[in-house]
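You will see subunit A twice below: alongside subunit B first, and alongside subunit C after that.
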Partner chain A sequence: MTLFSAVFGRMGQAVVLLFVMSLIGFVGIHAVGNPVFNIVNVETATVEDIQRATIALGLDQPIWRQYLVFAEDLLSGNFGISYVYHLPAFSLVMEKLPATLELAVVAMLLAATLGVLIGLVAGRQPGTRLDRTILRASVFALSIPSFWLSMMLILGGAILAGRFPSGGRGATARLFGSDWSVLTVDGLRHLVLPALALAIPNIALIARLTRAGTIEVEGLDFIRFCRAKGLSPHRILLRHTLPNISVPIVTIIGLQFGGMLAFAVVVETIFAWPGIGKLLIDSIQLLDRPVVMATLTFVSVAFVTLNALVDLFQAVLDPRVRLPRKG
Partner chain B sequence: MIAQTLRTWWKWWKWWPFRHNELPKLFLCAYVLLALAAPLLAPQNPYDPTQIFAWEASSAPGTPSGGGYVYWLGTDGLGRDIASTILYGLRISLMVSVISSAIAAAIGLAAGVSAAFFGRWVDIVIMRLVDLQLSLPTMLVALIAIVTLGPSIDRIILALVIVQWAAYARMVRGVALGERGKPYVDAARLLRLPTHRILFRHVLPNSVPPVVTLIPIEIGHAIALEATLSFLGLGVPVDKPSLGSAVANGFQYLLTGQYWISLFPGLALFGLIASINFVGEDLRRRLDPRREPQ
Partner chain C sequence: MQKSSHLKTIRLIALLGGIASAAFFTSPVAAQELRVATSYKLMTLDPQFADLNENTSLLSHIYERLVYQDERLNPVPGLALSWKRLSDTQWQFKLRENVRFHDRSPFTADDVVYSLERVRSVLKPPSGSFQSYTQSIKAVRATDPLTVLIETTASAPALPLALSSIFIMPHPSSGFRSTEELNSAAVPPIGTGPYKFASWQSGERLKLTRNDDYWGGKPAWSEVDFRVMESPAARVAALTTGEVDLADSLPARDVATLKQRGVTVVSASAARSNFLQFDVDRDPLPGVTDKAGKPIPNPFKDKRVREALSVATDRPLLSDKILLGYGTAAAQLFPNGLPGTSAKLVATPPDYEKAKALLAEAGLSDGFNVVLAGPAGRYPGDAESLQAIAQNWARIGVRAQPVVAPFSVFATKRSAGEYPLWYGGCSGDSVSLCLDTVLASPNAERKTGANNYGRYRNPAFDDLLMKAQAIEEGPERNAALAAATEFVLADYPIVPLYHFHLIAGYGKHVSAYSVHPRGWTTAMQAVPTGE
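== the complex of A and B ==
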């Protein structure tokens, strides 16, 4: 029963959050300027032209009606036609999504495996030279600006070593009606550098979290009991410690995955990876407003949904989580 | 031979007085001094077209200049001295991030203390806003803000404030909630001091220390975010390069092997953020000793 109400409470929270965001977006669009002047020629337009455009855009309606129309368009994915590509903006975003998705998934798999491994190694013997080195390296890794890291990966991996291509998706194969680079060798080679660029800060983040969790759990009674029982350190670490710190790790992976969708903007721009991040930046520079709106809305909704799912997942995994009120 | 050199080096390293936590502080001081003294130190003003020799564009590091100095770090595609660009760019990066952090901290302090002290609907409204902001990735919030506001230096600062204030507000609220129940607040109430006086003269100063640990983290984030936005062409104007746009300027030259245009400004940026993060970590460990076992 509590789980049931928790699920509904959290979902309700996410819906309210999305509602407030749509409200802010609505106000923001109107604060930027009168959209009428986007369609009429300011210099030659007569008063009647402006009047007609206002009615055509529905701006003569009361403000709550305008909001309802706006919200309806959002819900149905109707963001208008791209000024540049002359395609519906939302389908354009959907078309670019697989590229971003596969990049983020590969990067996250890399980050999660390496991060947990490094974190366990460091957390097992806190205070040793190895641990201190890992801790220090993690601060460095978290300090590298992602765009510079990407460029240095290009410099090292593509220009100096000549091993990997510096940009693009390479060959793709079709599956479920979309193109995927992970399915071809050439595509995988193109994927290595951008995935590394996205993964490196996350490796550090996950390693730090795992380390802190390991140190905390290793001091608890049940671990001491395992040790007294004569279990090997490896078995304790992997079978007893790891499951007990898995909840915060899963949480951070979920959150960072949403963050990757947003931060892919930088990496995709540099590696010319044709995903939604590159689409967003290109559209901002070309003043293609429908596409900008569609992309930002999609990423926000995806992030909020992902957040809610992670919270629910926690509640299911860990009965101690009673979804405490934030703040 | 190599092992011997390494061993000697290690010996000296061990005796170096600034080894552990002091080195980042030293670096940070050096950065601030360099930024402050940029006009005195830089051989050319990269924002002044009359001081730039366009025919010396893309010179490799170490090339002598027609102006009687040496391009120790090379020049970029427009002939600007990279070393000078770094010094001037440092000023913009530091200025933007420090100003935005200061404003965000002030707003966060006021909002957090009000939320904790007034409770009820003030608390609800402020904390829902905080939730709204913290539940979205900073990059996304900054992008939305810049797209709506349009890029320029003051807009960047505004966007960074929007990104940062919530973290301060949440922390201050937590601290102030603890402070509210303490005897000195009751005593002040008994003296019938006006609420705003209790709030700003008693509770607020006592809520500041924990916030101090947040400042370096947030400044580090702000520098990185400003650089990223500038890199994407959404930050400071192109003719006044910050470190981020200086790196961006070199992107098209990177593929032809002119690595220095991007490498050195990025290295400077990396060093700056890393030293701030190390100082922040050190500060946090000192003020909150139970967090780390070492």
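== the complex of A and C ==
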């Protein structure tokens, strides 16, 4: 019963969210300017050319009617044709998904493993020199802006050391009908710097969270009991402490992962990584409304799904969430 | 025993790791592969979809035109060997023999008819932007497999030049190809060009291979790999690290660093100009007030005011300091020396005393306030120029307030009539086109004045321009166009600012690269090292 209503509540929220998002996106793009000026060559087009293109795209209609047309198309699963690429907008987004997905997954794997490890190490010995160093470094890593971090990675990794390429996706290999960079050596080389740029702030975030959780849990009675029972510190850490601090960590990983999928704009732009974030910002600049709407919808759905997954995971990890008791 | 197997495993891992890292850190470059970082984002594989350099620059490897424009903008034979005017309204084009499309089918007059018909009557907006080049055409006929006869509605002396914008596609057995078909993988792009299509990821990458059967001889590069990098910093970084052999549209401020790192930098003045344009029509004019903030009658209706502002603009400062020398101070629409330009029109240093006197003559010795609008980041030096100009004009008492916005916002507001004075630009295949769109009176029938947002009207100039455009391509036409330009610019309808330079850089795999004033980036312009 509770599960059922929870699922329904979630879906209802998602629908409202999508509606509000589409309205804001639609009106926002409309307010910025007229996309026609990005589609025709303004320096040579005649007034008639501009007029004809405006009518062909339906931009001569009042905004509310344009929205109705958009909503109607949407209900039949059609986001419209990109003004700029003249391809179906949604398939354009899906085409960019593998690039974003592999970048986000690699970055998150890196961030989660390193972050948890560093956090555990620091949390085990609070106040020591190592702990203080980790704390300071994490503050630093969290506060540097990602564009600067990306530029420094390019400077260090590509220009000075010459080890890694400065941008692009490199060679790709086909799997499941999509192109993946992780499957080729050249693609992996291209992946290293942008993945690091995305991972470094998250390593710091997760490490801090893990450290705080570890310190808190290690002081609790059951850990002391474990120690009294003579369990090895290793076993205590991995079998008892880690599960007890994992709920907030999983939550933050889920949220940050959603953010990476949608808004890795800065990193994707600087590294010329052709992902969804870059598509979104390019389309906003060109006022390519169908693509912007398709991207925003995809991002919202991804966020809602990720949140649901995080909740589910919490239920698995934490019996208190799994078994809601009355009174 | 167990220990030794452990050791073996470790050794094996170390060995594999070594191999992997060796492969990891060296990227072998195929013998004659050209890797290009371009700012041009190829948007569609339909060569007749949109008249934007973004598309035409890259697609010109695959498709060719009847007429090609050389680096002096003169029409030279492309797929057409020669052309002549049979009568006032008839043009005959003789086609090149033994040309084959990439699928080995021969190129004939039918393909020309198909391509022109597709532009003329099949493509519908928003994909119809090439129609302006075919608007004078009444009928296209193939009189024999290598001859095309084009009838025009009126005299069209510049038709060959107009056709230098249209790509020739092979005709399918029936009907016309749609843009969707061409964009999908179903129909690979097939042309007659020096490079064949290999693969494409929209907005990311275009890969080409050499067309060994090219009619013009074997192309220089075995493979060409275009990578779209819109961010100038990304292009600079890729060129610096040697990931690409060639990059276009480089920012002037990075040139010194690139040279230090062994990159060769070449540049040429673009066939275009950027200028300030006045609204000379409306009264009262929004954005113009006296010093106290009270509305005043449109000051730009007075030629003396326009002249004063032009005289008080420090063009050498713009080209030397803002564009860091990668720009030429402008006094007309195309850089001096290109066909149709006047040798008499040269930029002069500012003369503030003269400007003040002119303003006083016009009864505006106290100056006035004006909004000076422009796009930001669309053209090199756009927003910075407005700041500099505002400072120039402050010296004659005109308080200009620069207002910059992203291009689409700026363009929307400009066509809505929100600005009194703005920064504009014009480019194209010939100076005649810019005279038509920027300075000729708005006229729907003649399709002139599309870029004349200030509604400047000068019937005497319209007359001169029409007469010049009736003359066939050649020195006589160019002289008439130059004279028309001199005549109209003496009335100061615009303030020409500069012709910015197109800057390209290349690494050690390229021995020479010629920058085309139309702003194209192609592998044909690059010469490989060691040939």
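Keep in mind that, in the parts below, the second predicted complex is superposed on the first by the 243 of 327 C-alpha atoms of A that agree within 3 Å, B and C clash if a C-alpha of one lies under 4 Å from a C-alpha of the other, contacts with A are read in each partner's own complex, and residues count from 1 in each chain.
Heads up, the rule we're going with is that a contact is a pair of C-beta atoms (placed from the backbone, for glycine too) under 8 Å apart; a residue touches a chain by one contact, two chains touch by 3 or more.
Values in this document were obtained by computation on a predicted structure and should not be read as measured data.
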Partner chain(s) touched by A:181 [first = subunit B, second = subunit C, both, neither]: neither
Subunit B versus subunit C as contact partner of A:270, first or second or both or neither: both
Subunit B versus subunit C as contact partner of A:258, first or second or both or neither: first
Subunit B versus subunit C as contact partner of A:152, first or second or both or neither: first
Touched partner set for A:140, first subunit B, second subunit C, both or neither: first
Subunit B versus subunit C as contact partner of A:285, first or second or both or neither: both
Partner chain(s) touched by A:214 [first = subunit B, second = subunit C, both, neither]: neither
Partner chain(s) touched by A:169 [first = subunit B, second = subunit C, both, neither]: second
Touching partner for A:314 - first (subunit B), second (subunit C), both, neither: neither
Footprint overlap on subunit A, comparing subunit B with subunit C: 32, 151, 154, 159, 166, 269-270, 285
Residues on subunit A engaged by subunit C in the complex (per definition of touch): 32-50, 52-53, 55-57, 83-87, 92, 95, 151, 154, 158-159, 162-163, 165-169, 179, 185-186, 188-189, 269-272, 274, 279, 282, 285-287
Touching residues on subunit A, where the partner in the complex is subunit B: 17, 20-21, 28, 31-32, 126-127, 132, 139-140, 142-148, 151-152, 154-155, 159, 166, 215, 258-259, 262-263, 265-266, 269-270, 280-281, 284-285, 292, 296, 299-300, 303-304, 307, 326-327
Complex contacts: residues of subunit B adjacent to subunit A: 127-128, 130-132, 135-137, 139-140, 143-144, 147-148, 170, 173, 220, 224, 227-228, 231-234, 244, 247-248, 250-251, 254-255, 257, 259, 262-263, 266, 269-270, 273-274, 276-278, 281, 293-294
Complex contacts: residues of subunit C adjacent to subunit A: 20, 23-25, 27, 41, 43-44, 46, 49-52, 124-129, 131-132, 179-180, 183, 201-204, 227-231, 233-234, 237-238, 240-241, 243, 272, 406-413, 415, 425-428, 433, 437, 442, 444, 447, 449-451
